[in-house]
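Labels run A, B, C and D following the written order; every chain starts at residue 1.
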Amino acid sequence: MAKKNRVTVWGENVHERKNPIVRQIYPDGIHACIAAGLKEDRILQVRTATLQEPQHGLTKSVLAETDVLVWWGHAAHGQVRDAVVQRVLQRIWQGMGFIALHSSHYSKIFKRLMGTTGSLTWREAAERERLWVCNPGHPIARGIDKCFEIENTEMYGEPFAIPTPDEIVFISWFEGGEIFRSGCTWKRGNGKIFYFRPGHEAYPIYYHPVVRQVLRNAVHWAAPEGQKWIDSCPKISLDRTREKLIAKGPKLHKAGEKGFR
Amino acid sequence: MAKKNRVTVWGENVHERKNPIVRQIYPDGIHACIAAGLKEDRILQVRTATLQEPQHGLTKSVLAETDVLVWWGHAAHGQVRDAVVQRVLQRIWQGMGFIALHSSHYSKIFKRLMGTTGSLTWREAAERERLWVCNPGHPIARGIDKCFEIENTEMYGEPFAIPTPDEIVFISWFEGGEIFRSGCTWKRGNGKIFYFRPGHEAYPIYYHPVVRQVLRNAVHWAAPEGQKWIDSCPKISLDRTREKLIAKGPKLHKAGEKGFR
Amino acid sequence: MAKKNRVTVWGENVHERKNPIVRQIYPDGIHACIAAGLKEDRILQVRTATLQEPQHGLTKSVLAETDVLVWWGHAAHGQVRDAVVQRVLQRIWQGMGFIALHSSHYSKIFKRLMGTTGSLTWREAAERERLWVCNPGHPIARGIDKCFEIENTEMYGEPFAIPTPDEIVFISWFEGGEIFRSGCTWKRGNGKIFYFRPGHEAYPIYYHPVVRQVLRNAVHWAAPEGQKWIDSCPKISLDRTREKLIAKGPKLHKAGEKGFR
Amino acid sequence: MAKKNRVTVWGENVHERKNPIVRQIYPDGIHACIAAGLKEDRILQVRTATLQEPQHGLTKSVLAETDVLVWWGHAAHGQVRDAVVQRVLQRIWQGMGFIALHSSHYSKIFKRLMGTTGSLTWREAAERERLWVCNPGHPIARGIDKCFEIENTEMYGEPFAIPTPDEIVFISWFEGGEIFRSGCTWKRGNGKIFYFRPGHEAYPIYYHPVVRQVLRNAVHWAAPEGQKWIDSCPKISLDRTREKLIAKGPKLHKAGEKGFR
């Protein structure tokens, strides 16, 4: 409950510098607004990182000190370097939580974790969205009533090309007639993953108090709970074998040889 | 039941050409032996493809005519070209079944579908393995009794770095004291995926009648059942919107603009 | 594909005899209308059974000859005898499919299979419902476009007290602002289970061509695919033990004694 | 982490009073030994209850003050009164954790939560069991190495008639050649459920330090994390409807009428 989880909020920081509508809503960048919402919980240690920083701000040491990574990307998914993607994936498999926001359904990291395309349908008409809690006892829904509304939102519709979620926390209703699985969880290696739909740069969604509450809840939920899972593929030699075993038959691998990867 | 499913068995065909032990067991290649086992079911239309062929034998037209792709790789995962990997993934998301065998836990395709590392522990001592049926009514276990044995096998042990399977059909017991989730299913997009552990090039595992039975069952199970799922991310214009909707607010996307990918 | 699946449609047949609105819509009973929709597929062998028949029409021999049981109940859940409930459960565990319709979320059988309360929210205002396909390749969605509408429906809202479904095929949008997981699958023992929300006795929902299509698809999907799973808890004697084993230690159970149940 | 979770350990307390072997190992009852293991964590508030007490020691107020209920039963499942079963289920659905031990796979409560028969195979030969951690980052496996052994154990074998677990934490290897899904989790309503296989009254299993560690971990994991989920099925009246809605069509339910249950 009272763990000082360390959060890094990553933002691509592109629209907020180029598009006057977005700059007006998020003058310090979307990542800064998300970070401000998280900082309402004094227990959390929040920093930000952006695409434009060296190594996108996600150096080995930053990631080593991050319990949960919150990801905002939209226009510049393709500019995220593969080496950074790989480094982030490694940390997720070890146990770092990962929260993918809105258009990050098409980020390289999210697609790699899901193994699917992440496709969906969409419409930008500032319509009303209502998110219903499907899983009232889930820690990510803590303190949230049956549903909450976002008056102006971009629509995302089904089918959402994701693997069956481990849990669905929220499903959205849209004024224009669609529905969407808006809050979903998965686990990959030791890392807990949460996809949260709300958020569009043309509307002030990350100022919404319930959206901020969900993000704080999600960060606490996604923090590592157990030991690290180191990715290794060890050969178990006969002397480390639990039952008495006499090796038989031919061998492909020579003694001491490592396996193929 | 009686569907003429079209199967392509892919083999990297490396060890069987270089290693005399493997060549003796599988003189025509492991892929040919697997294909022979599938052909015991006359209904199946079976072809093979290998790493050494142009485009690894997996051209667009071959994949278009493949309902289920069976994958054997071990030493040469890194030589599989990314363009072919991407083409195979696209077909899986559309609905082609994919069966990953043994050391293919480390193939590029399997790791991309899982979103995890695929790591495990292993030992090559020709020990005994016994596969227990955990899900007796599953079509992949059809005709198989409570368990079956492979007298000489390579051991794979837990933890197996995979997402929670949708279903576990087999769990293995090993003479040396380990266990392993040996038959697991997932779905990615419309594609049904089965991982099956048995198979090692130094032992005649793909001649084993029950292993062959499992593979035939799995091919029938993995064949597409419904319509194709085309990966697209369409913008829903106001005139195609189901409920009457009046667009409000500012816009990020200009009229007619496509979304970011 | 072309399996002659045998279907029994069970209806409690209460409102249709007492309530003039319902009788006018379903003069032969809701079960007869559902059965008529299934019979549009000539391959299916369809019969009906009702609460008022001896043993509710679900004798041992009827169940033995049933591949899929479709269940409609609403006002009389409490009148279904526990012995019949138990007999139906046994057949589901063996492999009979079970399709629970609409208000059957509160039937004894569905609650027993789920292990939850089945609670939800509801409103009867003849509002519009739109069911979206979340899983376009699923056999239950075969032939169905992105969504379909029911012009007048009773609303069911979340939270729906069910275990995480194995698969979600449909999610509903309601005119009044709610959403609902309307098409969900699970497996219990060997039995495949589908919950399908549409259906209210005051509206002609089971005449809707897409609703009928879903029901036909669901019956084909739910039919048994493998061998029977007999519920037994056998003691494995030493002479039937797979590995050589010498019994040690004290014993709670005497030789030949059966286990506790 | 530091939550003072309140645990009630329930034991049927039958064999330990009648069978001299069991009495010698567990002179104060199995429940007392389990409770002693939990009390090694000073944070936990542990009490016990037994079959022989009025209402089996599980009064409404005891359950209201219980965060996690640990259940041991074997010979007397049938003597547990249905009213108590129902009361326990209600509390689980609200959010109380439930840990079912060993032979409790056949307890009324576990079978009701699973919706399956709970059947398995078994052998009492004091053989060796080795439990492998399949999910190294799971909080229930915290502090536990790759595997741990129990030198003398009763065997349980697959198929285990349970719904697909949400998570598998442990899989067992047995000397006689079987395997078993020994540590599994599910959720029902708000209640978190853990089944843990080890434990047999003829062996001192609940003195084993790693078994005790698992039980302490499991109790922390199973404690409620969010708000209560009250089982109710409210009718949403038009004035409480989120979107403007005009009621149409005929009605089955009269104004103010409650729904059927």
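By definition in this document, a contact is a pair of C-beta atoms (placed from the backbone, for glycine too) under 8 Å apart; a residue touches a chain by one contact, two chains touch by 3 or more.
Predicted model only: the values in this text are computed from it and were never measured.
**Student:** Counting hops between chains that touch, how far apart are subunit B and subunit D?
**Tutor:** 1
**Student:** Please compute the C-alpha centroid of subunit A, do the same for subunit B, then give the distance between them in whole Å.
**Tutor:** It comes to 27 Å between the two C-alpha centres.
**Student:** Can you check how far apart subunit B and subunit C are, centre to centre, with Cα atoms defining each centre and the answer in Å?
**Tutor:** 32
**Student:** In whole angstrom, what separates the CA-based centres of subunit A and subunit C?
**Tutor:** Spacing between the chain centres: roughly 36 Å.
**Student:** Got the subunit D residues that touch at least 2 other chains?
**Tutor:** In subunit D, the residues touching two or more other chains are 130, 136, 157, 159, 164, 166, 177-178, 189, 229, 242.
**Student:** Should the pattern of chain-chain touching be classed as line, ring, star, complete or other?
**Tutor:** Topology of touching chains reads as complete, every chain touching all others.
**Student:** What residues of subunit C sit close enough to touch subunit A in their complex?
**Tutor:** For subunit C paired with subunit A, touching residues are 130, 132-136, 146, 157-160, 164, 166-168, 171-174, 177-179, 181.
**Student:** Can you list the residues on subunit A that touch subunit B in the complex?
**Tutor:** 15, 19, 21-22, 74-75, 77-78, 93, 103, 106, 112-117, 119-127, 152, 154-155, 157, 159, 161, 163-164, 166, 175-178, 186-189, 200-203, 229, 231-238, 241-243, 245-253, 259-261
**Student:** Under the definition above, what is the set of subunit B residues touching subunit C in their complex?
**Tutor:** 1-3, 95, 130, 136-139, 141-143, 147, 149, 166, 189-190, 224-229, 242
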